[in-house]
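Two complexes follow with chain A in common, the first pairing it with chain B and the second with chain C.
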Partner chain A sequence: MTFKKFIKTVTFIEILKGMALTLSRFFSRSVTIQYPDERRPIAPGFRGQHALAKHPQTGEAKCVGCGLCATICPSQCIHVFREKGKVSRYEIEVLRCIYCGFCVEACPYGAVVLTENYEYSDYSKENLYMTKEKLLSNWDKYMPGNKGEEYFKRFWRPMSGDFETPSQQPMFRGKRS
Partner chain B sequence: MTPDTFIKFGIDVLIIVIKIAVVLVIGLLHVAYATYFERKVIGHMQVRLGPMRVGPHGLLQPFADGIKLFFKEDLIPEKADKVVFYLAPVIFMASAMVNLAFIPFSHNFIIADINIGLLFIFAIAGIGVYGIFISGWASNSKYAFIGGLRSSAQVISYEIAMGFSLVGVMIMAGSLNLTEIVRAQENSIFGMYAIPQIVGFVIFVIAAVAETNRTPFDLPEAESELVAGYFVEYTGFRFALFFLGEYIAMFIMASLCTVCFLGGWTLPWYVLKVLPFLQHVPGIVWFLIKVYAFIFFYYWIRATVPRYRYDQLMSIGWKILIPVALANILVTGLVKILL
Partner chain C sequence: MDQVEKIFETRELNVNMGPQHPATHGVLRLVLDLDGETVVNVTPYVGYLHRGIEKLGESLSYFQALPLTDRMDYVSAMSNNIGYVVAVEKLFGIEAPERAKFIRTMVGEMSRISNHLLWLATHALDIGAMTVFLYCFREREWILELFEKICGARLTVTYPRIGGVRNDITQEFLESLWKFTEEFPSRILEYETLIDQNRMWLKRTIGIGVISAEEAVNWGLTGPTLRGSGVPYDVRKFTPYDAYDRVEFDVPVGTEGDTYDRYRCRMIEMRQSNNIVRQCIEKLPPGPIMADAPKFTLHPKDAMFPITHPTKEHAFYIDEKVCKGCGMCLRACPVKAITGEKKKPHKIDQAICLQCANCLAVCKFKALKIVPGGKGLSEDKLKELAQAPLPEEITKAKEHLVEHFTFIKRGPRAPEGDLYVATEVPKGELGFYFVSDGSGKPYRMRVRAPSFIHAGVLPRLCVGHLVADVIANIGTIDIVLGECDR
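So, the complex of A and B:
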């Protein structure tokens, strides 16, 4: 044992260093968020519970029942039923949903959204099985006013702008008028 | 016998009973809030908040825990040795509680001011090991058994180092009476024995942590390997008795440290010379401040240092602490003879 190591062992330098660290943390602010009293800020475009969008003028569901959302859904939790050219039932099994947001992207009419609501735990499966009525009322509850339209503008992808070639890219862009 | 002697005797008994009641109630309350204090301290050291939900800042958490423990189902393993199983937590807690009688809280507040207080505390604390060991044996569970074995080996090894570390104090004070040890410190040059007996003090602190089975020497209840060690099979109030015993043992160790090394209820004379108004503060305040500082130190270590390996624990105890403590006795004795 060298002299330096001996001094280190006898004076407990390493343990004291560790204890200084824990003591400095003792006086620092804790990172705990006390959930029901305090909440994290929700990030824009948060993918929470589903809602069916309503048309701003008519107030009817935008959904036409094309079934693209049901087709793209990786966990196959969306069920769309049509009768006589109309959407008779539109149901989402929330417990199986993985919140990937593919349904929102696939929808050509912007008819389905993911709202910012994440507090909907329940004791029965029945209450977590979202029917068309529940989904439409979710739109009123969580996307009131302009919020729904804003959501589509900011987070609905792909928009037509996404397919444009970047302007820096040298390419033939048709005849200039 | 005249009636006068009877009355005198009765009053003496009454005073002692009142003292016991006060110490017991304060001891139990201490345990309740020591757990709260521990959870808060460790929580904040880990950048958490600790208990916050029950009452303002979680202040009622200890009572919630107590009520929960009280109403828990009382399970006894089928093949447990019933009588011994019942007896173990009682021995463990009683031996911890008895020690409260010999702690001088202040210059006039001690339940039993006996001449061999220091030895007596060691003797009674030694009985506590039986509680741990027979609980491990009676549970008829391999985890409890290993925990009990480890604990008895550990406590026996560290008791030696601890006793030796206090021999220096005994030599310097020339007494085993705890009150006299404090008085001797009050009259010494440094005011407290932690300074001239620094080696003994460090050994005592390490051994006290090991003696009460706290991290980093909590091998007997090593959660990651033994679930909970010797009290795995205990539920409800029996478990609470072990818990009480452990926290009271911590209090005893902290008070022993305060009495033998930190000057008990007195302040060093040089502090009083600089700040003379501190004389008017009752001694019990200084005593409790020192004790809780030591208990905070316990929690602080727990939040910092990881658990030692068992062979490391044994080699620290036998190969380092005991020889160093013996050397300390030798040096202290020589100094005492020469001066």
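So, the complex of A and C:
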């Protein structure tokens, strides 16, 4: 054992260093969020519970019932029922959904979206079985004003712009600090 | 005397560790044979988290199966996604555009950092260092928030797509990521201050789980678990995919092949990843983010607007003169609005029709016509309007719409054949092996999961050591049971 090593061993220098670090953290700002009282901001485009989009003018569901969302859904949790020229039932089993967002991408009519709602735990399964009415009310609740339009513009992909070079593309603009 | 021996007979103690043991990183069950404190034999049992992902992949189209890979290694879902799309792209013979490649490299390295952070956190916690655990999660949270900014999900991201990525990154994201890369090296120093020279950490890791380079190769180890033994094998270097051939990075290797060396490798790898992310941000080229391969990617939504926009009130009409009565549309119609006998012209009942375009997508004889603004018109009027030539934008939109419907219903068709593509995920070499019969779904999908192979080496590492070292060994091979059991 060299002298240096000996000093290190008897002075507990590395442990003291670690302790100094934790002590300094003791006085810094806390990073913990006290969840039910505080909530972290949700990024736009969050893939939470579904909503059925409403027609901006008529206020009716945009869904025409083509069933593409039900076809693409990897967990097969969307059920679309139609009768005589209208969509009679549109149901999503929330408990089976994996929030991949493929239904949004598959729908050519822009009729289904994912909202920012992630707090939908419940005691009964019925409440977690989304019917057309519930999905439509979700639209009013979580996509008020032109938020829905914004959602489609940014997160309903791909658009033609993704296949070519748009003029205003995010780029790194040099170091700044 | 015999009887005394019988009463005081010593035999090995059989202990079940897991599947609910918090230190087994999931639901790994180890049956330990103990002689006092020494491990005599270890038998790992896997499969408690088996969801049949390989089999599921065979019943889903190539496009649909992507979210399954999120659920394999949920700790680094992004890397698994990238591994899958890189493999499928090779199968299809398409190439993602430059910008998408750089974005994928960037997020892949972010996921490597977040994986190693979680590994360090839990490994340190298992061995007894609580503070590191908390500090690591602080930074991991930062990365997950960045993931949420680009794709709307923190853990199961489903961000890359076959032929590119889901959506472009934003300026805000780029800047906050740059800030992260500036800050992160100092955070790594913090972890090192806490454990790197800590005598307890050294005692628990040095000389534990030693495996020589030759043996490690023979066991099929990959990733940092292999590199800790001094073998500089890294898929990113050997067969570069995405943008790895355009960024500079070193592959850290250990010398002893013990737990401490593997820990050092991963710490250096985090620094290297941080560097790669920085290079990707700097070099990020302008350009498209989706490949121009209409057969293998989703079609642009706005190109379909002339037909699908909610303000458009089109009607669908079958031209009697052209219709061959093949019945395809009849089967595709979800409301049975189409009637007709075989080989005779079919007819759409406009009162029932949803205007959903399903029939349009299946008619091979171009008998199905769109009548712009024809909703609610009488049959005769429709017949008259259907003869008029369509405006060009609608013709174009129709092509896109038909391809979109076919893509969703049938999946992108792969050429026949089979191939194996490996990518470097944080845990090691993740390989996808596809056998394709030319349809939209793989005939066989096989996943070479590094965790599964690493779990197999546990008996070799643990036998002869103390029972407390089993925990250190489980940590050091970095397994996630979601990927191991698939």
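Keep this in mind: the second predicted complex is superposed on the first by the 162 of 177 C-alpha atoms of A that agree within 3 Å, B and C clash if a C-alpha of one lies under 4 Å from a C-alpha of the other, contacts with A are read in each partner's own complex, and residues count from 1 in each chain.
Here is the rule we go by: a contact is a pair of C-beta atoms (placed from the backbone, for glycine too) under 8 Å apart; a residue touches a chain by one contact, two chains touch by 3 or more.
Only a predicted model underlies this, so the values are computations on that prediction, with no experimental measurement involved.
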Partner chain(s) touched by A:Ala43 [first = chain B, second = chain C, both, neither]: second
Residue contacts with chain A in the superposition, chain B compared against chain C: C
Touching partner for A:Gly67 - first (chain B), second (chain C), both, neither: second
Chain B versus chain C as contact partner of A:Thr22, first or second or both or neither: both
Which of chain B and chain C A:Ser30 touches, first, second, both or neither: first
Chain A positions touched by chain B in one structure and by chain C in the second: 15, 18, 21-22, 31
Parts of chain C lying in touch with chain A, wherever the complex brings them together: 60, 63-68, 70-71, 99, 131, 138, 141, 145, 148-149, 151-153, 156, 158, 161, 164, 166-171, 173-174, 178, 182, 190, 193-199, 281-282, 284, 286-290, 292, 297-304, 308, 310-311, 334-335, 337, 351-358, 401, 404-405, 408-409
Residues of chain B that touch chain A when the two form their complex: 41, 43-49, 52, 300-301, 303-305
Sites on chain A touched by chain B in the complex: 15, 18-19, 21-23, 25-32, 34
Residues of chain A that touch chain C when the two form their complex: 9, 14-15, 17-18, 21-22, 31, 40, 42-43, 45-47, 55-57, 62, 64-68, 71-72, 74, 80, 82-87, 98-102, 105-106, 108-110, 114, 154-166, 169-172, 175, 177
